[in-house]
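Labels run A, B and C following the written order; every chain starts at residue 1.
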Amino acid sequence: MDTGTAYGMTMGRPLEELALVGAGTPFGEVLRRYWHPIALSEKVTTRPTSIKVLGEDLVLFRTRKGVAGLLHPRCIHRGASLFYGGVEDEGIRCCYHGWVFTPDGQCIEQPCEPEMGVHRDRMRQPWYPVEELYGMVWAYLGPPDKKPVLPRYDVFENLAEGEIIITNDAGVGGGGPIELDFNWLQHWENVMDPFHVPILHARFSGEQFTPEMALIPEVEFSYTPTGVRSVQMRDLGERGRLRRVTEVMFPNVRVVASPKLSGGTTNMIGWVVPADDTSFRILTLARDTDPDFLRKLRATHDGKPWAELTADEHQSMPGDYEAQKSQGDISLHSEDHMTTTDQGIAMLRRMMAKQVRAVAAGTDPAGIIRDEKLAVVQIEGGNFFESAPESVRA
Amino acid sequence: MDTGTAYGMTMGRPLEELALVGAGTPFGEVLRRYWHPIALSEKVTTRPTSIKVLGEDLVLFRTRKGVAGLLHPRCIHRGASLFYGGVEDEGIRCCYHGWVFTPDGQCIEQPCEPEMGVHRDRMRQPWYPVEELYGMVWAYLGPPDKKPVLPRYDVFENLAEGEIIITNDAGVGGGGPIELDFNWLQHWENVMDPFHVPILHARFSGEQFTPEMALIPEVEFSYTPTGVRSVQMRDLGERGRLRRVTEVMFPNVRVVASPKLSGGTTNMIGWVVPADDTSFRILTLARDTDPDFLRKLRATHDGKPWAELTADEHQSMPGDYEAQKSQGDISLHSEDHMTTTDQGIAMLRRMMAKQVRAVAAGTDPAGIIRDEKLAVVQIEGGNFFESAPESVRA
Amino acid sequence: MDTGTAYGMTMGRPLEELALVGAGTPFGEVLRRYWHPIALSEKVTTRPTSIKVLGEDLVLFRTRKGVAGLLHPRCIHRGASLFYGGVEDEGIRCCYHGWVFTPDGQCIEQPCEPEMGVHRDRMRQPWYPVEELYGMVWAYLGPPDKKPVLPRYDVFENLAEGEIIITNDAGVGGGGPIELDFNWLQHWENVMDPFHVPILHARFSGEQFTPEMALIPEVEFSYTPTGVRSVQMRDLGERGRLRRVTEVMFPNVRVVASPKLSGGTTNMIGWVVPADDTSFRILTLARDTDPDFLRKLRATHDGKPWAELTADEHQSMPGDYEAQKSQGDISLHSEDHMTTTDQGIAMLRRMMAKQVRAVAAGTDPAGIIRDEKLAVVQIEGGNFFESAPESVRA
């Protein structure tokens, strides 16, 4: 008799505690304790844009005086969307009856009401605080009494002569479209999965990176105060050894050095920012002399960019997007059969569950900074060539 | 600490008691006590059309002898749609097994059965009564024992020499597509909201109507036996004063005189006919000498018709459609913060709730006519220029 | 007062017990006791294809050694889809971390694990048994201990000189698209409904078949050990009589001879294979000397193939697809008003309910074969001309 058939199999469940991002969900509340980059500063103008962050629809704009504002889109008066609002010096005016709101939600004008609204100061449009740093607009969607210091990163401080900070919101590292259409955790977990690289990115994708990345590495995983780290050793023969260090930092930071193996501490960091439970964007910062550094980094499949692949090529040369998207809109994590090579993912999930408990208990999750003097985060990730010839190190 | 942020906000609820239109819903049953225009007579032919009214899918056709019929689409025999039926002299024949139904649902032929169906008189296709008046097909979807007289309107009786009645089903006054894709109440309420005009239609939409409409009016709202009325006064300086009267009549009539300010009692009336909870059409009647009067009335944005606006222009010159649609597919009315200028809407909602109670108690809601001699409704709405020079009055 | 209007009507229910196909549903479990053709053998290659059968998503492929495999698509390791897998000599390799599975789900390689996975033999990818016969891949999705013998059919055994077996997966007999987008039972029932032919296929569809099919037949229905049979008599005048025999065999076989009236026992059989509750495909086998026999059989409407009809022509010349699709994505069977001419459908539903009870009781449903010596099924359906001149018989 046949054994192991699919008859009678059950379907499993997502790890909702860790995967969901909405207000009130366990990890959604963890995510709400941190600042998130939500847009490139250059794209925030006097024309309002609709943006979804952590399951919340919002409107983002910049007043004529230059202040960025992030508001709940539904006007508190009668509900028309501020997406259709007109931006003025001090705020945004609803198109329907003309109420004006400042970036922190105060109503400063009700033009059809007597005296421009005698009780207008009692009205408040729901808003979120934003800051601007490194060419990005950062938002804090959490409880006001828990708002931490906005972190800085050592790799973006003290630039060398000719270096600039480069911003990108087009999904660097996602291997697919700009807006990725599945649960963010499938992507973030993948950062702690160095073993997929020699299979997916060498054997399947066409050669995507460098020949060295086709080698199956020896890996050590460890916890850090802010996340999980993997150290991947590859023996390059006469050229020595490559020590590649990759980090995830809570709640959604990816520290992945260039897979094209430029040496030294990484010059770039990415943020996996959920739009909702089944879509996310990746915002990336880099330091380089070339303004096109991030654009050029985009992985290819036998030389073709992802967006130009045919359906047949997507199937025959799958990459990160195809593998992760095919896990499901939200993966059925309970069906996973984890093995020794999945240790990094297991550690990450354990640390995520720990932060859920911390937030539920009212304490700060990992990596929260409350002292402005400690705001600069140290980055350890990178590609380090040991005993390698000079030519490779460059 | 930040105050008034969106963290922890709740989302509110629609006023379902007033907004929903389906059978068995509170206001759905109110709507079912009245006749509704559902199509232009000229479009009802021997080719059946699918039509949705108050959440019910129906098939509308005209027999070869000229009688309009409105039937439940699912053939009572085996369920094929009468949309595929063939119209004959006396009724419509189902394509599947050939049963023939008259406009009042009687089965007059079952061609594959012995003797054309010895029990065919026991079979009845569900149907609704229709009448034709003013070039429109009107339907009554309510309880048979409550069917009222079909109203007539004084403004469409006793036409002057050269005047004709003009019909339109293309969304006059909706400011958007022909089939409007949100809850009908957002549009109907807007009729009792004269204060949005100087903001939305002057400040935002590009100049849509006349310079006078940019003035913020003084408004008085009052109940009438059949609905709510607003009287809007605008001081035109040396040209005198404009008294503009707008009415809503139960359950879904809009009496809005031309915003282009032709003087006197209005020559047009519109009906806001829900297709279902999140879509509706506007059917309009007018009296004029110009057959294109209603087509020409369509609002523009800086001279461009709505359908030709780019996405950027929709955002930068929003009109009624953008404002009302952006309130949501069904607005979350409980989130509204009503002020003094929203008095007309508050009165309308109160009167709607009163009709719900009347119908639940088995009595007639407002404006029901049971005496054929009283069938002609008087219309008060219009633009009235007081102490104005002759030239403006014309 | 009006009577019989649609006011207050209720909507009815599908016969879910018979119509639904998913695992654990009453008739879904009946369907799972039989082999089903799921694809043409020629289309099963080393490029995996996604396929849905009885509500289950599966991946179908052929190893480089030629063995067809049907696997659950979600890799048991971390959930990437085997649709992106690479097919090798012995099985399929997941693109994400390279695990290799044989057609019967055994894991034979875990390339990143020590020693290729010391515990890999404990891992089993859910799979289903397949066989190949008559140019089709057949699958069994039921309980392993109930797997029957794969049936053969007398009409496809012992081919005459020059005859071949022809396969088709393009919806022969469906009258619509290749993938039909409504519940399978509406199509299968229609096979036991000979009375729709003179109405739908003659009076409405334009002449689709032959003039003889426009005659309303005299019909006798009877149960057989494997299903229901109709014998339809048509008086052809001086040309004698046409005796047309149509069969349904459990659980989803259609034995419908050519409506173009070639004489003798039918040379073709079709299977109505549900993809899920609201879509199905028809796979057809025929024996003929012409490889294009099944392609040419496709019904037309006044000479035009279905796919080339305009929307107006679909409405004015409806065929099987329009009639059955318009019954609903799943018909509301409880609304049917069955008459004497619906006897065949009533018998079929009763026999279906009987098989549900048989399976629930742990016994075999109708037509299950357990003895390889009895594997050849006898087919009775066909067009038989009685006392007809020689010229018609050919």
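Rule of thumb we're sticking to: contacts are C-beta pairs under 8 Å (C-beta built on N, C-alpha and C of every residue); 3 or more make two chains touch, one makes a residue touch a chain.
Computed from a prediction, not measured in an experiment: that's the story for all the values here.
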Chain A on chain B, rotation in degrees - Cα superposition, rounded to nearest 5: 120
Interface residue overlap between copies chain B and chain C, same or different (over half shared): different
Centre-of-Cα separation between chain C and chain B, whole angstrom: 47
Multi-partner residues of chain A (each touching 2 or more other chains): none
Residues of chain B that touch chain A when the two form their complex: 1-9, 195-196, 198-200, 203-204, 216, 315-316, 318, 322-324, 326-328, 331-333, 335-342
Complex contact set, residues of chain B against chain C: 23, 32, 47-48, 56, 58, 71-74, 76-81, 83-84, 86, 95-98, 104-106, 110-114, 117, 119, 123-124, 126-129, 141-145, 147
